[in-house]
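Presented sequentially are two complexes of subunit A, the first with subunit B as partner and the second with subunit C.
On to the complex of A and B.
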């Protein structure tokens, strides 16, 4: 489809104009951290030049905590009130290629039968604009998963490129076209500047330390049992603190817990993100199936590298965004694990 | 730092050979230069041990689990880390007889988050030169003053004293800045209640309830945290309201009050950059002002002020007077 461009200095006007399509969520700095936040919040600063937000955009489709249903008890009567689904359209602008692939990963979980109607209603009401990367970081390894961050592909309505002077936009759906039509600052443009930025970025990608991380032992055809029984897990997990910083920063972690809260007059049933790193994850009447941190740690990584791909035609559920690299308190991240398991078992 | 690392390894080797300990708890290299991880080393693998500007992790908490294992473990402790271990010993959380604590000198640890905020993008390696840190990056070389990159806790270094170690390794290192650690707390105290509320709401609303602060905290040594206990009535997995996050952090700060050594691990590991250490420092400042100077972990015989009673203790009405001020 056609390529359009607008003056970078007019981004503020674009964000205002996008308001006609719904609430606009942008990569935003606020209080020393970054996330996809609604445009124009007090004390916040939208910034498309952020390489990656601290928090991934997954919250917008799968919030950290949400109400599912309320039961209200009046005498012997129980009234049931389902939580509303998303009804308002919104725009999610500036999703990087890794986070976009992460939405694809989530879609295959939540939109498969039985469809999660809460997630579905948010996906249907979103206009997603992807944004190419110009300056990847050393912790990026999306290319190892076959992702091209200079030309994002996946469940989006338009792809954008931000250069020194302009924002380029290539719509790929009808919804994407509405972005161009709602702002008069867009004009048809040629590929030259975009191609130059892509070439420069690709040269950097070629020098990423883990851009070609060896994943050949993982994926659809991997030897699941050999990896499960790999001796490296013992040492790898030995100093995991069992916190959820990896899980909650991860754009693809999708596990949740459902709990009932006694309101005094009934029950509020909610769901919230859960972490397989937590001791009480999948706690049942008989206890928990994974009693040690080694088992919990192994679950998280094998889910990304083996179980998910085996169930989803080879698609990995790690997208190489590198958030765990930057955020794990003990630095026990995906690259470390993939390297330790990918090669020959290390001498003890 | 290579020379110091060699000295540490050499002494550790001697101690292992003499039978003082059977293994070493130190830092193992990561996949980048900034991501070392706590590791346990046998004598044959001591050459893998790393000690440099990024080995910030306080290993004290790992001593809880390590000391339960068979044999003695040699743990490497920076001066500030040693207070955490001493406090854990005082609280009977660590089997001290299974630990050999070697105090190792520190010239302050570096904060990669600060480096990134100062424009270090795509960092591939680092070296230290005359008070400067030089990063080789995907986009060229970046030089920054070392002091600009120090972790918050190192800007207010407690000094070169150790608490309760079995021996210390002598090695001359440059002095660290000694800023007033209560400066920010005092500034917050000066604010109106509304301003303070807005500050903390802004910070704590970033919380994602990952529990990294709690799990890394040497003072948080409960076998099961009240927030993880479904029977407690306050188990709060849902990050549903800002109020809940505030409650979690405030209750945690209360629980470690008088026991927190101000090691700064909570703020170092927070994935959302919440300055959690300020809550603890507020308690430390209050304890100092109301009960006299007290450093958790410093003196194994001292009665901790918050579990002690003396007739000179301030009356509860002190709260009202302070609130009025």
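On to the complex of A and C.
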């Protein structure tokens, strides 16, 4: 599809214009952290040049906590009222290639039969604009998962490139076209500047320390039992605090809990993010099959590298965003795990 | 029907029966009468008391029962304590059915069937047994080995004696752990009893009960020459969603709520030993 460009100095005007399509969520700095926040909030600063937001856009589709149903109890009778689904359209602008792939990973979970209607209503009301990376960082290893950050692919409506002077945009759906038509500042453009940026970024990618991480032992055809029994888990997990920072910052972690809250006037049932790193995650009346942190740690990583790919045609559910690499207080993460498991021969 | 798998329906408890000191069987109907949904033997449902909790239970009644769903529930925690306090007329929430169930219309057709249950493990098998007895001509000989701590802990003893024991081509073998006054059946643990009875390894075995019993029964069946491909069992893990999305109940790459709870032993052998 055609490529358009606009003057970078007019980004503020673009954000205003996008308001016509719904609330606009942008990579934003606020209180020393970054996240996808609605444009124009007090004390916040939208910044498309952020490489990766601390918080992934996951919660726009799968909120950290959301209401499912309300119960009113009168005597023996129960009346229930379903929580509202998303009805307002919104624009999610500036999703990097890894986070975009993460949406694909979540789609395959929540949109598989039986469809999660809460997630689905948000996906349907979103216009997603991906943004290519100009300067990948040391902690990035998306390329190990076959992701090209200079040309994001996945469930989006348009792909954008931000250069020194311009924002380029290539719509890939009808919704994507509306972005061009709602702002008069766009004009047809040629590929030259985009191609130059891609070439420069690819040169950086080639030098990233973990970009070529060997994942050949994992994936759809991997030996699930051998990896499960690998001797490295013991040592790898020894210093895991079970804090869940990795799962909460991960754009693909999808585990949730369902809980009830007594409001005094009735009972509210909500779901919230949960973590397989927590001890009570699998706890039952008679105990848990994952007794120590080793089992819980192993679950998180094997899910990303083996279990999910086996159920999803080889697609990994780690996208190499590097958030867990930066967030873990014990410095344990995907790269260390993949290296430890990949480098040693199969235990007999 | 609600518009989302996580939104439950209302169920009405229309009958409560005490089976053993800690097991009660609950009959559940839809608000408008009849069943909340149809199911296959071995499938489960999420029951909840709002404000208390929600948990997965196997559906004890047979699909051939067109009037209601039944659940035999052992008191063993917060939600089950509350459920045990319910009386006829009370409402609860229900959603389902979940899981694969036993292959009653597949691999089990035409086979001799050996049911082996311990304690509350009869709950999921009762659905299959009644289904098989209602479609008797589709299956071969049926043997039911059922054991519990004491005669008082045998669930559905009445139904077993009144109906199963007299069904054509069905042999019922009851056993209790320790001798007890008035008990004329076998005394001893289920695995040993299975060994003593010595079944021909041409049958298909369906095993349900406490993990330790299952383990020893599998040993006994192996001694009798049963292949792992001839033995089915059900798994129980903590569940929240029931539809393979909350990430809670997996054994390796399989979700017990969706790919189970029924597994053939050779299928379990391919999964990590984490259950």
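Annotations for the structure displayed:
Methods note: the second predicted complex is superposed on the first by the 340 of 348 C-alpha atoms of A that agree within 3 Å, B and C clash if a C-alpha of one lies under 4 Å from a C-alpha of the other, contacts with A are read in each partner's own complex, and residues count from 1 in each chain.
In this section, contacts are C-beta pairs under 8 Å (C-beta built on N, C-alpha and C of every residue); 3 or more make two chains touch, one makes a residue touch a chain.
All of these numbers come straight from a predicted model, not from anything done at the bench.
Legend: residue contacts after superposition of the two complexes on their common chain; A:311 is shown touching subunit C, with no touch to subunit B. Judged by the touch definition given at the top, the superposed model places A:274 against both subunit B and subunit C. In the superposed pair of complexes, A:207 makes contact with subunit B only, with no contact to subunit C.
When the two structures are aligned on the shared chain, A:224 is found in touch with subunit C, with no touch to subunit B.
Touch criterion met: A:64 reaches subunit B, while subunit C stays clear of it.
In the superposed pair of complexes, A:199 makes contact with neither subunit B nor subunit C. Residue contacts after overlaying the shared chain place A:329 against subunit B, while subunit C stays out of touching range.
Judged by the touch definition given at the top, the superposed model places A:285 against subunit C, while subunit B stays out of reach.
In the superposition on chain A, A:184 makes contact with neither subunit B nor subunit C.
Touched by subunit B in one complex and by subunit C in the other are residues 257, 274, 283 of subunit A.
The part of subunit A that touches subunit C in the complex is made up of residues 68-69, 71, 73, 76-78, 80, 82, 109-110, 112, 114-118, 224-225, 228-229, 254-258, 260, 262, 267, 269, 271, 274, 276, 281-286, 288-290, 295, 299, 302-303, 306-308, 310-311.
Contact residues of subunit C toward subunit A in the complex are 2-8, 10, 50-54, 76-77, 89-93, 236-238, 240-241, 243-253, 270-272, 274-275. Residues 30-32, 35-40, 57, 62, 112, 121-124, 137-139, 202-203, 205-206, 208-212, 214-216, 224, 228, 230, 237-240, 265, 268-269, 271-273 of subunit B are the ones that touch subunit A when the two sit in their complex.
Here subunit A touches subunit B in the complex through residues 30-33, 43, 51, 54-55, 64-65, 135-139, 204, 207-210, 235, 238-239, 241-245, 247-249, 257, 259, 270, 272-275, 278-280, 283, 325-327, 329-333, 335-336, 339, going by the rule given at the top.
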